[in-house]
Structures are given as C-alpha cells and as structure tokens.
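Chain lettering (A, B, C, D and E) follows the sequence in which the chains are written, and residue indices restart at 1 in each chain.
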C-alpha cells in the first residue's frame, strides 16, 4: 500500500498552535496551582490570544498557501476569521475577568477550565475559517460548539444554566447531525470533500444539460438547515434565548459572537466557496432566512424584560442582518461585497454585543440582577458605565458614527449592489423596530431614579474591557476603512 | 489645505467644550456653565467671521475642506457652505449661545451632563449644515438625535420620557429610510459613471431614471418631512416641545426644524429634479393642510408652549409651500421664513420659559395683566407675537409674503388659500397676547372703570383666589418680577434681528441669491 | 460464498453452539471439583460417577423452580435481559479457527465457522454487548442492590474492555491484520531468538500484552477476583439478586460460556491456537484453552476479591498506561525490524 | 470479506434466541407459579423497603463512562494505524505517538484532578 | 443473494436518519432524544461508508471515523449536562425543564 505522508508546513499553523499551547499551559497550571492562586491565569490566556493575534501578522496571507494536503488554508479569509475570533476571545475574557471567581454563580466556576474551554472554542473557530475541506469545517465547528455547550452549563448549581445548556446542546447536536448528513450527500454526489474540488465538480454538473439533481438540492438544504441552527437563524433559533439567558453572563457574551463566527465562516466556506455553482439555488433561501430571522428576532425582543434574553433575541435579529450580507453574494469577483460585509459585521458585533453583556456582568458584580429594572438610574450611579451601555445599545441599533452603523451600512451597500433592495429596506425598518428595545435600556438608565441596593466592587479588567469596547465602537467605526479592506479581500481566498 | 479650516473649527468648538466637561468630572456647575458658554461663544464668533468673509457674489461652495476618509467607498470628509447653509450656521451658533444663557438658572440638576448634551447637539447641528458628503451628513444627522432626546428626557417636565422616546423613534424611522435612499443614489451614480462617491455636488450631476427618482425622493422626503415636521408627521413635535426644557424648545424650534427645509433644498431638489416636479403639487396641498391645521389647533390650545408649537407646524407649512413652488420667490420666502421662525419662535419659547420660571405653569389661563407687572417682557411678547403673525416691518412678514407669492405664481389657488389662512395666525396670536398680557390676572379684582367687566359682572363670576397651576402652586402674575438681565440679554439680540430682517431683508437675500439660483438652475426658472 | 457453503457454515456454528452448552455444563462440574480439591474437599460426587451427572441435575432443578418477577420490576426488560446475555455469549467463539480444513463427504470444509477480516474487532464488540444483559437486568429488577451491581459491572467491564482492546494493538502491529486466521498463520512461523528456535507465539513477543489480556479477560467475565458485581457479601449477588429459576441460570450460563470463549480466543491470540508440536490440530487449541480455564478456577480458589476502588484504579492507573506503553515499545521494535528507524 | 459470514452470524443469533426461548417455554410447563405479595417484594434481606429503588448513586460511574467513551474512540483510531503500521512507518508512528501522548496527558489531567479516585 | 448497491446503503441510512429525526422531534425524554441524535450520526456514517464503498475511496470511511470520535466527545458533554440536570431536578423529561421563560 503506497502511503505518502508529506510533512505539513507548520509555520502556517502558528496562530492556532499558539492558542493550543496556551490551553496546555492553562491545564498544566491548573494541576500545579491551588485554586486560590489561579487569578493570574486570566492574564496568561489574554497573553496567549494576543500572541496568536500578533503571529497572524507574520504569515503571508496573500499567497493563499495551504497545508495538510489542502485541509488547512492560510488565506485572507482565514486571516479575518482568526482575527475576529481572537479579538472576540480577548474581549470575552476581559468581560469574564472577575465574574468567574466572584460568587455570582452559586458554587463558583473553575477558572482554568473556564479559560481553556473558551480558548478551545476560539481555536475551533479559527480552524473553521482556515478549513479547506468539509472534514475540517465539521471538526472546527464541533470544537467550537462543544466547548460552548460546556461553558453554558458552567454555573452548574444554577438550574437555568443547565437548562440553557441542555437545550443548546440537544439542538446543536441535532443540527450537527443534519449538517453532517448534508456533507455526506455532497461527498457522495461530487466525490470529494475538498471545497475546491466540490466547486469544480458542481460546475460541471451545473453546466451540463441535465437538470440539477434533487439529491443535490436536498444536500444543500440539509447544509443550510444545519448551519442555520448554528448561527441561530429563524426557524432554527429555539435554543438561543434560553441559552443566552441561562448561561453565565460572560459566556452569553462569548457565545453570541464566536460560535456565530464559526457558523458564518462555515457558511461562507461551504456555500460560497464550495457550492457557489449552486448559488442560484441557495441565494433565495438565504435571503428568505435572513428576512424572517431579522423580523422575528427584533419583534420578539420588544417584549423582553430580562436584558440577557432581550440580547438573545436581538442577536437573532443581527444574525438576520449578517445572513442578508451573505445573501448579497453575486460572484466570486473581488468587487463583490457580500461576504466582506458579513465578516465586517461579525467583527463589529464582537465589539457591540460583548460590550453589552459586559455591562450586564458589571452590574451583576455590583449585586444587581439582569432585568431591565436593574438598569434603573445607572447613569446617576455610574455615568461611565451608563455611557458605555448607551454606546453599545446605540451601536447595536445602528446609530452613526458607531461601528454598528458602519456594519449595517456595508451590508445595505452590498444588498443594493446585488439588487436586493427589499432586503435593504427590511434591514432599515428592523433597525427602527430595534430602537424600541435598545432605547428602553438607555431610557431606563437615564430617565429613572436608582433603586435597590448597590454593592461597590472593584473590577479593573472588566472596566478596561468595557472602555476598550466603547472606544472601539467609536474609533473602529470612524476608521473602519482598513478593517473593511481586509474583510473585502475574502474573494482572493475563494477564487 | 492652505486655509484655516474655519468650518471644522466652528463645528468642533462646542465638541471641544463637551470633551473638556466630560473629562473633568469634578467641574463645578459654575465652571460647567462657563465652559459651555466659551465653547458655544467661540463657535458663534467664528461663525460671524465666516459670515463676514463670505463671498456673496460667488456661486458654489465656499470654505471647503476635504480629507479622504474611506476612499474605497468614496466616502470623504467634505465640508463647505453656500448661501443656503451659511445663514443657518450663524443662526445655529447664535441660538445655541442663547440657549446656554437661557439655561443658566433654570437648569439645576446634572448641570454638567446637560451642557455636554447641549454642546454635542450643537456640533451635530452644525455638522449637518456644513457637511457636503452624504455619509458625513447622515452621521451628523443621527448624532444629533441622542443629545436632543436626552435633553428632553432628563431635563424635561412630567411626561418627558414618553416625549423623548417618541421624538427619537419618529426621527430615527425617517432617517433610516433616508439611509436606504443614500445608498441607492450612491449605487445608481456608480452604475452610471463608474465612480464611487457620496459627494452631494457630484451626485447632483448625475441623471437618474424617473422611477428611481420617484422613490428615492420619497425616501429622502420622509426623513425631512418628519423633521420639519410636516402634517401628518408632526405628532412628535407638540409632545417634544411641551416636555422639553426651554432651551431644548428653542433649539428644537429654532434649528432642528430647519434641517428638514435645508434637506429639501440641499438634497431633494438638486438630486431628483424630475421627481420634485412630479411630487410638488401633492406636497403643496399637504403644506396648505399643515398651515391650516397648525393654525386651527393652535387656536384651541390652553397651553402656551403647545400653542407656539402648533404655530410652528403652521409656519413650516409656509416653508414647504415656498420650496415646492419651485420658483425664486418661493425659495427666498422659504429660507427667510426659516430664519425668521428660528428667531421669533425661539424668542417666544424663551418668553414662555420666563413665565414658567415664575409661575411653574404654562396654562394661558394662569396669566394675565403682564403689562403691569412685567412691562419689559410684555413688550417682547408683543413684538414677537406680531413678528410671528407676519406684521409688515418684522421678519415674519417678508418670508411669508414671499412664500405666498411663490405659491401664487406656481399654483394660483395655493397662493390664495395661503393668503387667507394668514388671518388665522393673527387670530391665535393676538388672542393669546390678549389673554396673557392684557386681560387682568386671575384673582385680580376687576377694574371698576372697565366697561367690559361691568358687563361681565352681571354674570357674577366669583373671583378666584389666585390661579392654581397644575402643580397646585398658587401663582399671582401680579407679583412676577420683570426680566432679569440674563433674560433680557437672550431676548434683545433676537428682537434686534427680527426687526432688522423685517426692515432690511436684502442683506440676507443677497447671501441667498447665488445658491438659490443654483438650486433653481435645475428647474430652468431663474430670477424674481 | 454460495448457498451450500453458507449452510455448512451455519451447521458448523450450530454444532459449536451446542458443544459450548455442553462444555459449559461440565465447566461448572469441573470448577466445583477443582475448587473442592484446592480447598481440600471432595466436591459433588453423588450424582453419577464422580458426580458427572451433577450439571444435569442442576439443570433439571433450575428449570422446575418458580420464576419470580418482582412487583416493581420493569417486566419486559426483566424478562428479556438474561436471554440477551445468554444469546450473545457464545457468538464470540464463531471466529475462532479450529483448524485448517478437512475433507468430508467429498468436499473441503474449513474448520472455522467464519473468517472475517475484523475478527478481533468482532470479538471485542460481541463481548462488550454482553454488558447490556447485565445492566438491563440490574436496572429492571427494581432493586437497589441489583442496580448498583449492574452499574459496578458496567463500569468494570467497560474499563477493562479498553485494556483488552489496547493490549491487542501490539499484535496487530506485528501481523498487520485484525483477522484471527491471519494472526494464527503469523504464529505458525518460527521465531529465532538467539539461535533458539521457538514457535512465533505472541506470548513470547508480546508478554506484557499477554498479561494485560489475561487480567482484562478475567475482569471482563466478572470472575474472581474481579467478581465485584455479584459480590454476595456486599450486594447479595448484585444484578441477579431478583432472578430465580432458569433466568437466573441464563446469567450463569453466559458467564461460563464467556469464560470458555475468552479462553479459546486467548489461546488463539497468544498461544498459537491450533499450532503445536508434531501435528497441528484442534486438540492443541483445546489443551491450551483448558490451561486458561484451569487458571480461572485456580484464581477463584486462591485470591480474595478486590475492593472496588482498587479494581478501577488498577484498570485506569496501571493497566491502561501499561497497554499504551506496550503499544509504543512494540511500534519502536517493529520500526527497527522493518528498517524504518 | 464476505457478507455471507455476517449472514451466518445473524442466523446463529436467531438460532440461539430460539433455543433460549424454547428452554424458557419448556420450563413453563414444569415449574410452579405461586406468587404472593411478600414474594414479589424487592429482596432487602427481609427488611421492608422504604426508600425508592432508583436511589442516587455516585457520579463517578458517569465519569468512568465518559472516560471510556474517549479512550474507546482512541482505540478505534489506533486499530487502523496498527494494521497499516508498516506502510506508515516512522512518520505514522510519530503522529500516533503525538495522538496517544495527548490522550495520555488528558488521562494524567483526570488522574490529577481526582476523577479516577473512587472513594 | 442479490447484488449490494449504494442504494441499499442509502436507503438504510435514510431510514435510520429519519427514525432518529422523528425521535428527536417527538420524544420528551432527554436521554432518548440524545440517543436519537446518536442514531442520526450513525446513519450519516452509513451514508459515508456507502458512498466510500461506491467510489472505492477511503475518504468517506475516514470521515466516518472522525464522526465517531466527535460523537464520542459530544456524548461526553451531553451526558455531563444531563447528569447535572438530573441531579438538580430529578427528571429527564424535557417538558419539565422550563425555568427559562418570561
């Protein structure tokens, strides 16, 4: 049996390997350090992610190199996905600093395990972005979601946490199975799991005279449904509000972004790179999904009093916007903005949504709950926190000059370029609808008088994180050019 | 850039003040007031310099600034003013300064935050008037919303939160539609020329298909119609005015409303001339409805502020009437109504504020006989009420006359109707003036020499023991002190300008001329 | 394979099944006599000569005993579980090669029921399925002791299953196949070690694996000293506390059949199976399996029962790492052997 | 490989089931059946049972199950590697060593965390 | 015995997949739902192996191996969550788990 094993180009793998190394360090530290002396691990995790972020720079992403026989691709798309995953990871850790050790969750949470799970999920997301074949996508997605299932249940003495995790897990596993079945069919019909080969095979099929086989459409549908679950698109969103509400707040922050990045990266890789010859078939599907997702998420969010749950529904709405970006796909030409706008939206979303959850965590550390009432009079108690929350809310709403506006703007631009005016108008109307619930938080903070007990607490890292995110919402919006250019280079990767 | 970026300086001077206040949490209330005054004052002085240096003969934009921002998307930092925006910039800086002075004593709570909001608001408003890039314009447009909503929502009166949210949602809904319009125009221009730009002037060069123009016009129009506000999109306005603090009302009426008119002139007309022509008759009709409706509703208001607010709806009807008459008289009229309304209505709100400070109520029925207790204030009341109803010789007359003339030339019936309706304005204004200034105050014993009252005594109205405000305060207008020097200082310049504009509108009209001619060049009707 | 061959295979399997049943019956007799001998007793000697009819007497007795189903048992599962154990137990023996082939009635007949290329995997799979009978029986009994016994049994079986499986990886490396027939053929070659000609039995090249397999096999069959699931003193017979009559005997049958099957497999894997001096043949296999069976009984008579934590600790902390080390070392040696190092 | 081999297994499985069932059915005609309430009680050494039968038990059983699942899959991965050992040679050995090493680290982690202690 | 074709694999796997899916959607016991998911995963494996068999390539089989590995990891997480739940709530009925509602 001739077996040829070619040594992989490890240098391309440095960023994920750094994350993996950090995880091992964390686990080792967990074994040798007693629990009360583990506070420094947060810094270790932050450093690891930061080093990985820096090491992204060292790789020539324009070359589009790949290794492991094409399974791992170091191209401009994977660069951006890694960037978003790492940044979101760093922000999430900043948000969780203090929360994990504090007594907010009964029984506490084990810091080292928490951090390593979180890093595992980041790692998985990076791998999805860099995937060159379906196997890698599958493994990456699973690595990223499995860790989050566990994190959701991390407050294991609190029933709601377990319940959220249970629902998330069951539906997630269900989605995995559906997604896999789709992969199996694609593999069977095209004879390959390499994305480029699939695209080639499909091109031949589509260009042939025969109509596209029903089984291919079935495969497409299965893939879309499976990934729809992962990104919480309606009608596959049922787990989202429960998971967001139940999970420990920093975990909610994290899972609103990074697993979503993984899901969207997989969508881009699978649909745009692999199944682009079938774009006629899936574009409408995605557009409709986008529409009902944004409408449902935003409308239901209006009725929520629990801020975490509200943010959960609102994140469904944002999923709709991102899907709309994907639906604007027209061709793999460099001028196409669709995937780029989606990527930029994810990047922006990390800054807005993690920040919003961060303020919730900030309040929890001061003895408050997570209801709207707990925000009453925050402006009087802590003007800075109130301003930060205002910035996040307005950014989520899409107010200029904050980053959320730019994100939406680019999506609308892509949609109009693609001729999907109705979806652009839908985004705009839904932004107006979303003003109801985002603004209510702002109104409660500024217009109501403080009520309830207040425990002062010191949370330097969290405060720094909130400051970074608030400023990021401003600065990265105003100067979004470089980031956007980076995101727009996705087409180089897929061509 | 080889010249001083005066527009940026004007725009960001208030922002600098706001930043100083933001970064100095221990600032005393006194310091906060002075810093705000300084910020707005610098801006005002610079804007006067701008006006002085403004070349009245030149067509096109002056004092332009340009910095590339997001080049890939054709988004740039482009500023500039022409005859339309320059007076509005000055009006903005002036009214902002006046607002800061007017808030000096009434605002006692969270002073620092208040002035931060006010200064931010000013920067937003100035940015709207000076930006030439649609994207930048949109950003300033939205930025304005938050501080205004906060001013209403935090420092307003009883029902403030409702009013703030309503204001916010209305304007947001409109402006989001405008966003789609912006992107659509951008895309249409790109498809036509292959150039990505959001430069208003450049975009105006493009020719767009009729169908596209129709709905893009509508997208922009809705945003501006809500802002100006036009009937039937006006419902946020009375709430916002009634609940806002005095300075908020002044700015709201004096400047924010003008943005709608400015938007029509700057965007709708140049970008979509065909659609403008097609839509104009409908808009004229709606304008007339607004004029009549505003006046009639103002007539029955028991609340002073509401009365002034509805009078604004009516006045803004003249603005849209003038603009969509699409001739020179109409446009001049619209612009002058806008400026005059800024001065006069601003002053009226200030006067309401003066009364509210003393009486803690705005019920018309709570006042009376001010000519005796507050002669100075009564004089101002008279002056501005007359200006508002359009007495010749005061600013209101010039604008309304020109607007009606424009309307008359465009659609005879429209001019006639508008002319007739002016009588309504005289009715509600004069009646209001009579009730608060002339008639005896509640609780005042009747003047035995008053023949009218002798008649009234026959019906034996038992004299009340003083008017009771909504908060149960016992107010007696007879004891009100007259204007203090700060109040006087806020009102006097407005009064001077009102008279000056009424007597000598030529100065402003010469500033306006090149710009208005340019706007009209798209419609092929130039000259008076 | 044609129909005839299929039928022949099936008949062979059927015969094997029945032989196993008989063997099992006499295994009980053998064990009791042997244990008695170890303990200086006589053991059953009344029924028939040397008590040889004792197993039949036991069978008759058990079949005529009342079959009690406890009131709060999960009835269906309770009834089916022992059958499951019993049915699955002999299946492992199907892949054991009993010889090359004989000619009978003019046609060549292979002396193994089936030869599949994943025979070892199959054996492991069938072996681990037997645990279902235990866990279901324990669960369905509605008795705390039964459930605990079943859980213990499950934990134990799956823990040792790992060791069992991993201990064989070394053999796979050496033979490059999972088929028992292939493994047997590999052992029929000669191993030359320092001028000494030895049979290429894997007990010689994989001694550590052999020890691991032996220990794991004993544990897998729930035999002493690993018979914690049925520890009478702690659990009142564990998972079959509530069973009586012939269902009870099914568990017994399964246990003894498992012993025999494991012995046969072990003999094939490590002791060369039918390979032996003079003439290869089934007798060698039987003899070797007998050694294992003797060993089973010997253990039971000699060693006390483990404590549960010792049992689990042994599997996870000692045997599992050892098995991995064995794989590593075997791999290194093999690399050196094929000149790849 | 022949599918027929598996067919034989299936047939024998059925045969064994029939044999077992037959034995039970035969026993039915021989054995007595006289259930009494006391006889049908769960066996508790004669003491009446008061606690629910499905009482809680230590979570370590789950831990073992979870560990098993992980390592069993490891074994699955090692089998094909072992069979193809000669072809994969040194490079394959190193990769397998890496794989096993990682799992071993995992085992050590569990060990150190006390997951293997049974007290 | 008739010839084995890919269709046989596919029908079997489709049947298993649908059984699993229906199970997930209709059953209320968390453990059974979970088992149904596992059933679906194994149906996928059958599909993979069927296609690999048809194409005479190993890719599908390798994929199936990875699916098994991931399914194991998933089982670990899932059982952990279910265990935590049953210890807190004494039930594995999904309908009884509804703390999270407005």
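Heads up, the rule we're going with is that a residue touches a chain if its C-beta (ideal position, glycine included) is under 8 Å from a C-beta of that chain, and two chains touch if they have at least 3 such contacts.
As the structure is a prediction and not an experimental result, all values here were calculated from the model.
*Asks:* Can you tell me which chain is nearest the middle of the complex, judged by mean CA position?
*Replies:* A
*Asks:* May I ask which two chains are joined by the most contacting C-beta pairs?
*Replies:* After tallying contacts for each pair, the winner is C-D.
*Asks:* By CA centroid distance, what chain is farthest from subunit A?
*Replies:* C
*Asks:* Name the chain whose C-alpha centroid is farthest from the C-alpha centroid of subunit D.
*Replies:* Here the answer is chain B, farthest from subunit D.
*Asks:* Roughly how many whole angstrom separate the Cα centroids of subunit B and subunit D?
*Replies:* Comparing mean C-alpha positions, subunit D is 81 Å from subunit B.
*Asks:* Can you compute the centre-to-centre distance for subunit B and subunit E, using the mean CA position of each chain? Integer Å is fine.
*Replies:* About 66 Å, centre to centre.
*Asks:* When the centre of a chain is set as the mean of its C-alpha atoms, what distance in Å lies between subunit A and subunit C?
*Replies:* That gives a centre separation of 52 Å.
*Asks:* How big is the gap, in whole Å, between where the Cα atoms of subunit A centre and where those of subunit E centre?
*Replies:* Chain centroid spacing, subunit A to subunit E, equals 26 Å.
*Asks:* What positions in subunit D touch 2 or more of the other chains?
*Replies:* In subunit D, residues 4, 7, 65, 72, 84 touch at least two other chains, as defined above.
*Asks:* Touching pairs of chains, all of them, please.
*Replies:* Pairwise, the chains that meet the contact rule are A-B, A-D, A-E, C-D, D-E.
*Asks:* In the complex formed with subunit C, which residues of subunit D make contact?
*Replies:* 1-2, 4-9, 11-13, 15-17, 19-21, 23-24, 26-28, 30-35, 37, 39-45, 51, 53-55, 57, 61, 64-65, 67-68, 71-72, 75, 78-79, 82-86, 89-90, 93, 96-97, 100, 104, 107, 111, 116-119
*Asks:* For subunit B, which residues are in contact with subunit A within the complex?
*Replies:* Subunit B residues touching subunit A: 25, 69-73, 113, 135, 138-139, 141-143, 145-146, 150, 153-154, 160-161, 164-165, 168-169, 172-173, 176-177, 179-180, 183-184, 186-187.
*Asks:* Which residues, counting only subunit D, touch subunit E once they are in their complex?
*Replies:* 3-4, 7, 56, 59, 62, 65-66, 69-70, 72-73, 76-77, 80
*Asks:* Which of the residues in subunit A end up touching subunit E in this complex?
*Replies:* Against subunit E, subunit A makes touches at 134-135, 138-139, 142, 146, 149-150, 153, 156-157, 159-160, 162-167, 169-170, 173-174, 176-178, 180-181, 183-185, 187-188, 191-193, 241-242, 245-246, 303-306, 309.
*Asks:* Which residues of subunit D touch subunit A in their complex?
*Replies:* By the definition above, subunit D touches subunit A via 84, 87-88, 91-92, 95, 105, 109, 112-113.
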